[in-house]
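There are two complexes below, and they share chain A, which is joined by chain B in the first and by chain C in the second.
Our next item is the complex of A and B:
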């Protein structure tokens, strides 16, 4: 009897231990033990910030909240968002990619499915947020039934009129000078550009180890930008109907050029096999001095990285040499104009969980509004006044030794400042680059100079911005929303295969005449007629 | 004197061995040597990349010897606080998780290996079904959420309590042991638990080591449940943190985050050594059980 009882007891203990462990449920209480509102925030850019720093403490104290920040991993972003969306297990606030190919799929469905909560109609209480939203490009597209359901994260608050992206060429000006093909102010006509590439290929190729031209993997073949009339899948034909961008006469002309260039220099893209590159390979080749001209998204972060990596080369030991090895090139296309891809001034957005209470939502808006104010911005960029920094009579900021450590090269070391990370929920902070002690000012100076010249070209009608027509871009139809991302990916693969002679022209063209393409185009054209 | 004799004896053995090698043996020897190099070199190259600065790697991705040595990548790995917290979580999974999984897998395997009892066939079939059919990610997500396991360390332990494949290995092993053992123990007055603990369990040591090693390796490498269900940074396992570290260092996303001082390949290689060395050190100690256990489990059933 005792033995049987012992057996039952053991089984019961095992089961109870399981139940006990499972009983560790997450509480979803509104307030913590100190009576502060609990805020669970999740954002891709929070990275290593987990709270607990003096700046977060300050904000928690000021607003009476307890902040729990968590981050996404870029590699798993989709799964980490879609899983909780499906299981109704979202944090109070979350962030997701909202580029044009995800836009209709996610945003509209989330609104319909009561996944996300609308921002209050009247934003007078949060003037800085209101002013910021007024600077969001195409903000009208975010309104559904008159309601706004997210806060688009603006890339650059200070320069809202920039409608073109910094996807362009960086090149070895030092090589061009050495070979006598350098053109003043880095401005090249189409013929001069080709001559420069030929010269690089002829004189620098070193038995195939150095390529004249290379594109970041997603940007290949960049030279089609000088021919095509739309950035991605859909172009407008002469009769006004929407057609596949990849079969227009203009695109095919650019494609033939890309094919010719891809088969130049030992059957490679001016010496580089774009076909075999993995993500990041082309950049590394440029860092190592194995590519003469490189097409990339020259955002401040990317350009700073590029300059830093190129600067690690022992031969590039002065600032002048570095500038010459990372110069930004301006190329006039065959039509005598610059060609750049269009862009919005946001690419992701902050969303509020449908289940969040009004009190919590208002607190979050209070915090963001504060961080967009002058005082909040100073806190986010510098820290506490009189500890991290002081301001002299002329308004100049002086950083303190106590607040800001320097590395062996005399550069300021980044520190965990919760205010800075929270600000990423509404802006990527490019508006504060000038004042940020962590910004590489040389990179910023060069990029600003480039932007100024492109703006001048725009004024002089010498800039073509590749943008999808608004009514097509923002059209939310079932097939377009579902298929266009995959169609773009597939098109890029076929373009690369064609340029490297892996498929015939007929096979290439057939890819854009499939039932999927026909159905999507018909759906768009029918919707536009209505 | 004795030492010298041993030395001479060893030399003779070596000479005899070399004398016995004939033409074809040398070919086989050469092929095996090439094969060994093919296996060892990637590890060697990975180690060289992990201690090389970026410009060396960019100039010569395939290295034969270190051209310039830097420990920046290892410094980046070892000074990363989240990595150490991940190490703590993974150690917990390794020790507690392995013991927990082993306990439930072994007792289930033992129970299912015993003579008929009501519902045994049904239970066995229900467990077997899970080997072939899964509920899918979303139902699994709901289950985890409703059990209150979301964002707790238990989400990486409890769902794996019983691994069907390993449970079957254990069950087959117990079933292969003579039933007479149980009968004689009963005659000696042992109860069911005593029979299990004192008779069968000691005989199953090779199998325990094998299955334990499977669980330990699985726990050491686990990241998927963490990726899906863990938001808190201090609860993320080591492999997940490494994955995120590598993804961040090689991502070209529009980002406000500053420039990293280390390069992705160097960091990846340093991470590889950081993660495989503990497991490699542990492996030789259980290898003898491991091989024996595998063979035993394979032929009985």
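Our next item is the complex of A and C:
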């Protein structure tokens, strides 16, 4: 239940899109009045950035291009990719959330249908891109007939080996201290975790107004993470066969716990009706002090937002209070280990429209390679040397007053820097958080400390990373490609319905023994035997 | 220290030369005063503050936008929404948005302010499944759009008598298409917009609004500005008598005077295509890119003094490149909102905020309100814009002579790191007795009892005589024969 997936309709759309590809024609390069090659680039992170800033101007001059950026809305991202694919009016570059559920159904079909253009075999001309691609986890999966057709967008070039996600608990340490259930360094055994939830439930619920535990909508019920053996649909049974994750003994144990803890159960730690929360509701309740322990994707951006929102509460008027109200909790599961979901070191990918010329593709690769270079990175983070910043003899960066003014709260004011946006086409730039003047350094410090402790736990064999086996995750078979996204969404719905007593255990189990599940599992197991 | 000296020419003196005319009929500076989207959110006394503020600002141009969604009624009752000839809808000219529009227009009419009135977007829901009007795909080329525009403008100009409306805005920033499903501009292209302009022009002419000009562009992105201005210059020679753009600029471009070059390049492109110089360029939205939060559409820089200095610099650079009018974005944070799942949040770009929920500091006049007030007051409608006899690195200078020749003044923006002390004069035969000198800098700005900017010094003397003036580093100095 970690992210929104394709609806069946979208899957169908992508299949249908192949029909529309027959008439593809190579488009001619276009140039602006200055003779610069026009580029149409589309990326989720462009937001409302429309170009025209000095930094984009610099890149346009440097590379002889004229850039028109456009973006997607996150809620409608998939559709906004499938639509232009179907209509054969893709931008020169586009971005797609290429996870395992739409890997084969989109990526493989786009390759077959000549929708996307292969990256050049020889990347010697773009050494920074070449070096980055060499670090991409599971990069082999992207090669089809020896060709790579996308640039996976790397998350953090400085932490390339991180294999777990920061999906975990943030909590009200101040409440825990007040109630005498706080544990040093925010480390809790399973029993201590339950004791804390008990205490929050008894002392903070205010007649049901405040929940002891709450999950971000896609994360419910998070406590199954401490029991299950696989993150999503498919688990591996003792005999090595692939089975439904949702009917394994381990998952069912976690599920029963979730049911017990949910609003209709006996313990009711989940004091909110997770059943009918809309996206963003749980977060808002945590900001408002209506959840004691909150499960969320604590990316730097999310955690910074969370701290900012919690800090808007008038009662939280010092940094210490804010730290106590947004502490990250470390919970050992019943097995005495931390449990975190695995992750790739990239998120989504950049694709090139098959119709663009080689010259245009090379131009775009030139820009991306530059933006990965030290000079390009400095441009993207700080701006222009000698205007926005200077570097002293020891290599220390000093920000200029003209380039980096502060607002009335003493925080640096954001610059609209096109280089930063364009760099998102090849990396999310988490590696530059430390140097970025706009990073909330307190949030970063807390997250880095958490990460260091999790890494230590990993060394001590006290960390379970929930990962789908690579040969299953990236397997491309017809039914898996077609159905697994919908099966996951359906499973999420059934899990929630069961936890809230809307369906019986038999009905729940029956959902994972349908012909669709049987056929998909058989197909996967047959394929793996080959 | 200020000293008056004789008018004998000095070797290093700076002379604003009445024969070095950049623009002999400047339209003036102004501000966007859009129809307030929720007057229920305004603080008590907001109305008084808004109009007092406008009095002091004294804009010569106002851009005012509204929405057909607020105005058109019974459109959904069309049994045949695909019938583009159908014109059976009705208008609600008495709703709160229109009442607010009348208030703004009453003010502009009384004050003889030139108004560009327009419609943000076409009517309908950008989500295709919920769009019962079927105007989203054809955008302004939909023939019903021209009829609606004609009806509205006829009502405002003929029936209500708002002769101050001189321009019509054929949708806001048509080049910014946005995403299909969430943007009403998603299907727009230049060709569609051009057809829309032709339709609207024909409708205006049909109902006798022949003097109502249509903004020639209103584009905002760099490629969009190029495309729309090119199109207007080549394909809309008869339908449109002006060029209009939105221009948001990086600090770097202003600090390094690149804006001046950029505007000059654009002007030269237009002149080349157009073949004559009769159509003027007006910037209908102006502001700084840096500080813009793309998610909230707020700008953190507006609270800083530097925003005022840079916007003054922006203004001078554009005027030096022959732009004929500039409208600042915008007057009041309380006018426009960002709508998302979390509700509505104010777009903070204003010179102040009259929102009830705004913090005390946001309700105060921001520095750039004061710097803008000096410029809007100095550059009178129809004034002659003249340049100085010399150029100084990191300094922008421009002079102005009122259309009646009785008054004038000049502005010096010093973006250098050191003070500039020079003898200044204007060679015009203005028979003034006093000179009012205003210094806009963080340390030297002077406000009166009402909180409005006032002069630092008033000295006896003629503008045609040299006056020794120190322009502090990173400041704006305005010298005028009139009290501004």
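Just so we're on the same page, the second predicted complex is superposed on the first by the 493 of 530 C-alpha atoms of A that agree within 3 Å, B and C clash if a C-alpha of one lies under 4 Å from a C-alpha of the other, contacts with A are read in each partner's own complex, and residues count from 1 in each chain.
FYI, a contact is a pair of C-beta atoms (placed from the backbone, for glycine too) under 8 Å apart; a residue touches a chain by one contact, two chains touch by 3 or more.
Keep in mind that this is a model prediction, so the values were computed, not measured.
Visitor: For A:80, using the defined touch cut-off, is the partner it touches chain B, chain C, both, or neither? Pick first, second, both or neither.
Guide: In the superposition, A:80 touches chain B and chain C alike.
Visitor: Does the superposition put A:70 against chain B (first), chain C (second), both, or neither?
Guide: Both partners, chain B and chain C.
Visitor: Looking at A:347 after the superposition, I want to know if it touches chain B, chain C, both of them or none. Which is it: first, second, both, neither?
Guide: In the superposition, A:347 touches chain B alone.
Visitor: May I ask you to decide whether A:144 touches chain B, chain C, both, or neither, giving the answer as first, second, both or neither?
Guide: Touch status of A:144: no partner.
Visitor: In the superposed arrangement, does A:299 touch chain B (first), chain C (second), both or neither?
Guide: In the superposed model, A:299 contacts chain B only, not chain C.
Visitor: One more residue to check, A:465. First (chain B), second (chain C), both or neither?
Guide: A:465 contacts neither chain B nor chain C.
Visitor: One more residue to check, A:108. First (chain B), second (chain C), both or neither?
Guide: In the superposition, A:108 contacts neither chain B nor chain C.
Visitor: Could you tell me if A:38 is touching chain B, chain C, both of them or neither one (first, second, both, neither)?
Guide: second
Visitor: Examine A:528 and indicate which partner it touches, taking first as chain B and second as chain C; both and neither are also allowed.
Guide: neither
Visitor: Of chain B and chain C, which one touches more residues of chain A?
Guide: When the residues of chain A touched by each partner are counted, B comes out ahead.
Visitor: Indicate the residue numbers of chain A shared between its chain B interface and its chain C interface, in ascending order.
Guide: In chain A, residues 47-48, 50, 68, 70-71, 73, 76, 79-80, 83, 279-280, 284, 414 are touched by chain B and also by chain C.
Visitor: Using the touch definition up top, name the residues of chain A that touch chain B in the complex.
Guide: 3, 6-7, 10, 14, 18, 21-26, 40, 42, 44-45, 47-48, 50, 68, 70-71, 73-76, 79-80, 83-84, 86-87, 89, 91, 155, 216, 279-280, 283-285, 287-288, 297, 299, 301-302, 304-305, 308-309, 312-314, 347, 414, 424, 428-430, 438, 440
Visitor: Quick one: which bits of chain C touch chain A in the complex? Just the residue numbers, please.
Guide: 176-177, 179-182, 220-223, 226, 248-253, 255-256, 258, 269, 289-295, 297, 300-301, 303-304, 306, 341-342, 361
Visitor: Within the complex, which stretch of chain A touches chain C?
Guide: 32-33, 38, 47-55, 57, 66, 68, 70-73, 76, 79-80, 83, 278-280, 284, 383-384, 387-388, 402-403, 405, 407-408, 413-416
Visitor: Would you mind writing out the residues of chain B in touch with chain A in their complex?
Guide: That would be residues 53-55, 58-59, 81-82, 104, 137-138, 141-142, 145, 147-152, 154, 157-158, 161, 191-193, 227-228, 231-234, 240, 243-244, 247-248, 250-259, 263-264 of chain B.
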